[in-house]
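We call the chains A, B, C and D, going by the order they appear; numbering starts again at 1 in every chain.
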Amino acid sequence: MYLYERSKQMKPGVVDASISTDGLLDILSKSEVARLLDTSQSGLYRLFRNCSLAVLNSGSYLDDGKELLERYRSFDIRIVQEERGIKLELVGVPAIAFVDDKMIRGIREHLVAVVRDVLYANEELNRFDLNTREGTTDAVFHFLRNAKVLIPQIPNLVVCWGGHSISRDEYDYTKQVGYQLGLRGMNICTGCGPGAMKGPMKGATIGHSKQRIKNGRYVGISEPGIVAAESPNPIVNELVIMPDIEKRLEAFARTGHGFVVFPGGAGTMEEILYLLGVLLHPDNQPIPFPLVLTAPAGAKDYLQRLDQFIGSTLGREAQNQYEIIVHDPEAVARYLASGMQQVKDFRQETDDAYYFNWLLKIERDFQVPFKPTHDNMRSIDLRSDQPKHMLAAGLRRAFSGIVSGNVKDEGIRAIEQHGHFEIVGDREIMEPVDSLLSSFVKQNRMKLSTEDYQPCYRIIR
Amino acid sequence: MYLYERSKQMKPGVVDASISTDGLLDILSKSEVARLLDTSQSGLYRLFRNCSLAVLNSGSYLDDGKELLERYRSFDIRIVQEERGIKLELVGVPAIAFVDDKMIRGIREHLVAVVRDVLYANEELNRFDLNTREGTTDAVFHFLRNAKVLIPQIPNLVVCWGGHSISRDEYDYTKQVGYQLGLRGMNICTGCGPGAMKGPMKGATIGHSKQRIKNGRYVGISEPGIVAAESPNPIVNELVIMPDIEKRLEAFARTGHGFVVFPGGAGTMEEILYLLGVLLHPDNQPIPFPLVLTAPAGAKDYLQRLDQFIGSTLGREAQNQYEIIVHDPEAVARYLASGMQQVKDFRQETDDAYYFNWLLKIERDFQVPFKPTHDNMRSIDLRSDQPKHMLAAGLRRAFSGIVSGNVKDEGIRAIEQHGHFEIVGDREIMEPVDSLLSSFVKQNRMKLSTEDYQPCYRIIR
Amino acid sequence: MYLYERSKQMKPGVVDASISTDGLLDILSKSEVARLLDTSQSGLYRLFRNCSLAVLNSGSYLDDGKELLERYRSFDIRIVQEERGIKLELVGVPAIAFVDDKMIRGIREHLVAVVRDVLYANEELNRFDLNTREGTTDAVFHFLRNAKVLIPQIPNLVVCWGGHSISRDEYDYTKQVGYQLGLRGMNICTGCGPGAMKGPMKGATIGHSKQRIKNGRYVGISEPGIVAAESPNPIVNELVIMPDIEKRLEAFARTGHGFVVFPGGAGTMEEILYLLGVLLHPDNQPIPFPLVLTAPAGAKDYLQRLDQFIGSTLGREAQNQYEIIVHDPEAVARYLASGMQQVKDFRQETDDAYYFNWLLKIERDFQVPFKPTHDNMRSIDLRSDQPKHMLAAGLRRAFSGIVSGNVKDEGIRAIEQHGHFEIVGDREIMEPVDSLLSSFVKQNRMKLSTEDYQPCYRIIR
Amino acid sequence: MYLYERSKQMKPGVVDASISTDGLLDILSKSEVARLLDTSQSGLYRLFRNCSLAVLNSGSYLDDGKELLERYRSFDIRIVQEERGIKLELVGVPAIAFVDDKMIRGIREHLVAVVRDVLYANEELNRFDLNTREGTTDAVFHFLRNAKVLIPQIPNLVVCWGGHSISRDEYDYTKQVGYQLGLRGMNICTGCGPGAMKGPMKGATIGHSKQRIKNGRYVGISEPGIVAAESPNPIVNELVIMPDIEKRLEAFARTGHGFVVFPGGAGTMEEILYLLGVLLHPDNQPIPFPLVLTAPAGAKDYLQRLDQFIGSTLGREAQNQYEIIVHDPEAVARYLASGMQQVKDFRQETDDAYYFNWLLKIERDFQVPFKPTHDNMRSIDLRSDQPKHMLAAGLRRAFSGIVSGNVKDEGIRAIEQHGHFEIVGDREIMEPVDSLLSSFVKQNRMKLSTEDYQPCYRIIR
């Protein structure tokens, strides 16, 4: 007998690799290859490289876009034409993307999705009129269609939102909910990072396996700013990198058939506020839209606090848009299953597509990209005497800015340079905001690193 | 016992139908549907309707685009959005598209291809610079990619050209050649009408069946003018309707790995002349390009006459581009199989794609659409003292015009209105042309109707 | 230009080959391999070798089992165990099984079927009680299940019977009928030789192709005596070699959902008489059993003569079991399609399996193997004063013997040694028999060779 | 807002159900159905019912075969023939087999496996000579082939053994090992109960998902006595119920390409001793046989104690058969991956099948079924002065009896009636045995219930 006991190996470094895309990658034209490799200002190289790096860092949970880019500064990616298609030549790749020198297949597929989406966003999106509601929605539709995410299946896609930085107990709970959803044949869509974005997919994978569902869908919808901070999990088998955060949110809203919100931080708040803002529009009242807030018993307080925040800022009508279910994965799954049935019936009656919620009205306020500069942050209108859905739009922007300051390359740099974002608003609004954010900080929901989170914002009443 | 003996039923009439595209049809956006139904001058309805009618008439061999449109004047097609995708509402459809009230699946797929290609040609092709060689080739590439015809397989696609109006003996021979190709795992691409465009596919279907090849490819490449005269056979499982005749020819040249020419008429001549013109370009000399002219024993004379015509107009160098094989299907198949191997080796060496012959140089002369008006026909330069590949380009246009005058809606109307096309050129060129065309007329190679072909042209020396 | 014109190559000779069965062949145990290679009297080698040779001779139409064995006397086959399964080492194989040195995939599959069925017939059939009606039917069921031919699909399997030696016109007609059946999603089952056993499959292949049916079934049911004379066509994708002729006939009767009879000779008569004999049993009256006799216009006389023969020997009731349709492939297909519907309804009502007609009563008279020795032939009871289904059983045996004397190794040798079979019976029966057989001889329906058929029988009234 | 918080529902009861096997179940003959429903002594009903109940109780971890049968005393199962195949009528089924009134697909498949294996064991196994080494191995081979478990893939099947009653930490570790194996494309085979038999499958499912391996194999090999106590997990997608424990062990040994042993109790010891006994045979020396003992850091002591036990009873040579790896899932996976390569090379060299280790010599001592009666237990030869592999065989039987007394219906009843099993042997052997068993008791490795395990044995030195 030989007692073999290895000390845990060091965080692996970087490797070089040449990756065949054999059939995965849509065949590229010569001009497409040229543009992806174009390092000039107008070229796509930088975006292509950074998104590629992000998906390659999958599994290493580093919620800091700036740190990622700095750590793998020498990373480089080239596209080479070959007789069977395209080969990717990679230099300085995080070794974590490999198992025994072979890149994980799921990650290879993500690289291919990056190529596809970077090209589409920059070549084909131009023909849509992004200054109109219809044009923007059309662009979102075509983007998703090009990514092959629009599938005329019976409604079964559950969008799961929640924090990337959650407790073990909360994480296990997201797995259990995913498992119950998977057992019922439902598919999962998330923002595709760690924590609540990964747990439901893992759970659903086991549920699908027991039901012999081989084409289970694990859809991840990201955008260039967020993907670097929250690398997609390789379970994600349909990755889309939307051009910006607002189109990403619209993609969720129009493709999801049901929505589950787990505990989270600022990013989760951004998502809830977006949805509530949209749902509060009178035109959307008749549309069935199953939405559940859920958490394990230990996070019951969190749910209550969240519910109170919504009540005190957006009112009872907003609270009526969702159900709260504490610690009952089966109940969550059953609630969604019955909601799906209503969605199905409604789409049939109205001849609306299963795969795209055309009827949902999304105002320009929720479509126009918000750039979280210090000026823009300070100018967000957070007065209490405006229509509730306008207020929701404002609050959504505020939380969006905080996410940027927390984890995105651009946001982190802005904070480093100019100090805190300032968020200004009426006392009736700012007090609940302040209190909610403080609780997030206390509960370590803002960043993965457990110690000493330094807020990137200042509340001004 | 009851003796059941039915008199052959009459040519069936027309029926109305509502066709689900269940999953076949790429999901359409609201604006795409709107444009397809737009009957205004700038709308796509007319093109969409006429191409749809053409594929629905499949199997009824009516080589007269004008006649088709007139016979089914009441035909109408509508697109309706439903929860699972798109439904097509059809009025006045040729009953031949149905078997016991169910549309033949292959024809349903062709309808879907029409939608796809009409939209692509009119929405997405605009972003290419069609005034340059590179831009045009890029457009052809993207068009074919969108139609999912570019597949990174080992070279095995054989383009089969030949007449739609051929003898039973010649037709059987095309089946035998197709059978031998199919037995060797090769796939078939044709212009997708009857006769030599259908026989090789039928033969290959049997060959594939014996080899248990379930994903055999039967590619049909057409264009709006020709599709009405030569409806695609339902065996065609990859139909592409290129925007015009020149892009169609470029599509053949860049996707085919080997070429077989059977006996035919003016259309077949157009295709041979295009290819010879391209191949005569010095840059294309090193590129392996297997090309066989073949016919059954009974049409040996035809092959000799064709060879003489090429020799006397384009010279020995043009004759060197092809092999002639008389009455030996196995030899044809083996010749192509070994040619495929050379194509494969060459693409590997040069890192050129298996699925698209990027290296083939196609001059602007062969790309610019030729509109066969009476003026244009008269102005074709057919002098003998020009470079051979220029002459080939001119001859190609002349035959293209004759095809139009014979079978295309537009061409037939032009002839009805203005009389014969006049084709002018040097005597050394016009004599062989005249003699070749006369032999086509005598052999009934110009039109399906056997009697009284009235030439649409006049040769002027 | 180089004029390539090959003289038609000579009938190819024999080759040696080593064939991998990669995944096709059920993994064999060591003892199974040993038995297949056991050349002792009790071993399976001889049967295995002869059946293998038969399927390898596919495509070369040689309806003479004795001639086959003599021509390829040096043929040998070995089984070799390898890490991935089984390899077959072949010596002296007919070259016709290969395309450019690669064995046709369909033929490889047939070899695998031979191994499977030879083993099953000789190892596993022993546990059934073949002396009872139920035990024999159970054996047929298990044999077919082991061959994976029993598939719980909606009724769609059409058994096509008819001669191997038919005219070009008749052959084309069988293709057209197969085409119309294939267009309607029906599958084909035949005795798997040339002529009427091949045409419907070719036609259905094209029909299936147009309907994009990729899992079309082309079932061939043979037995060791017949397979050598009528090699299965490689289109056959489910080959079963039943242990004897009676089990083969029972397999047809229990798995087919509809039956089409084309013109044929003695073998076709054997099949019709078997079926009529079974259907005349009173218990089988309620069972829907679509049966069509059909032929092109040119063979209308043949149908009438056949109908008369049945009328004068088995009476009007027997004539009521079938429909006659002259020269109308679509009508045949529609008739069967509607018959299928009745079969489906009946099976549902009676909870009988779609894939096996359990309810059909087949008497022992039709199950007990008949060995056509001279003595047995002479003893067939063909008196007119017996029940009609008994008479049908007798007539079936008489025709069975004639088939054996015509094409089977054993039968030919018996005739060579002992002279004509003598068939004895009442004048009312023997006269129609004599007249029918004479017409078969005159019309060249007995053997492929056109000249000088020497009858193997003598009619004694 | 409505706060929905359900109290955890009670252990669900029983339900009735009618289950279609649509295509899963091999079509049954009428006589097979009859035998399965035959409740006479010679009939199969009892075995069929009890095994069915066992797989239906999946997920409810009740390691007590007697308790299972008593709890669901009213359970009944009927087979009904229908037009498409077979339907199962169930009465009194554990509700745990259902999700919202639909039976979990994986469990339906297990029911089908029960039918298949009960029939095979009792109909077809009779034709093998189970009194010889070769005959028994042949029977095991045919049993597995009939279950479609023998697949000619490159060696990649890892047998994972270990306890059903393990700590959370140990369970997580088995998942991690499974995950690393799955990432490397390896498949999992276990005894298919909870704990170490489930964890590796769950882990591998996630690994396969990331590598897009859709045909991952999760093989469970059980036998009628054990299946009731350790219901297969629905992830198991290839379930085999071997006729007895010895054939089950031979099935593991001949199909597995690598072996991992996690901490466990008596059952795990039985498995290790079987394998070591086999491997100690001199003929097996040249055969590569990767075998790893592994556990998380917290169970390092367990591994050492086990190693000592083997050393002091079977000696150093036995210890040389395995590797011990502490707390390093990646190292385990890499060790096995490289072992697989050796297995592959060896099989290629020796032309031994990938899917069945024919060359492994398994003596009759390890094949003859051992029935753990009180007499037989007392008579096990555990003297130290016998060949090591004989001693291993004896020890294997002793542990086998303890498993029976712990969890099997029959064993529990025997203990209830006659008191402890007595195990007699030399002091050098019995002391380590006693000490090992005591440690198992102390660590709760004998039964799931944590309190008051009452040993079913007494050690007599």
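Note that a residue touches a chain if its C-beta (ideal position, glycine included) is under 8 Å from a C-beta of that chain, and two chains touch if they have at least 3 such contacts.
All figures in this text were calculated on a predicted structure; none of them were measured in a lab.
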Query: Quick one: which chains contact subunit A and subunit B both?
result: none
Query: Can you give the whole-Å distance between the Cα centres of subunit A and subunit C?
result: 63
Whole-Å separation of chain centres (CA-atom averages), subunit A against subunit D: 42
Message: For subunit C versus subunit D, what separation do you get between their C-alpha means, in angstrom?
response: 47
Field: Interface hub residues of subunit D, defined as touching at least two other chains
entry: none
- prompt: Touch graph of the chains shown: is it line, ring, star, complete or other?
  reply: ring
Message: Which pairs of chains touch each other in this structure?
response: A-B, A-D, B-C, C-D
Message: With touch defined as at the start, can you tell me which subunit C residues reach subunit D in the complex?
response: 22-23, 26-27, 29-31, 80-85, 123-124, 126-127, 134, 138, 141-142, 145, 150, 152, 344, 347-348, 351-356, 358
Field: Complex contacts: residues of subunit B adjacent to subunit C
entry: 1-6, 8-9, 99-100, 104-106, 109, 183-184, 202, 205-206, 209-214, 218, 234-235, 237, 300, 307, 311, 319-320, 322-328, 330-331, 334-335, 337
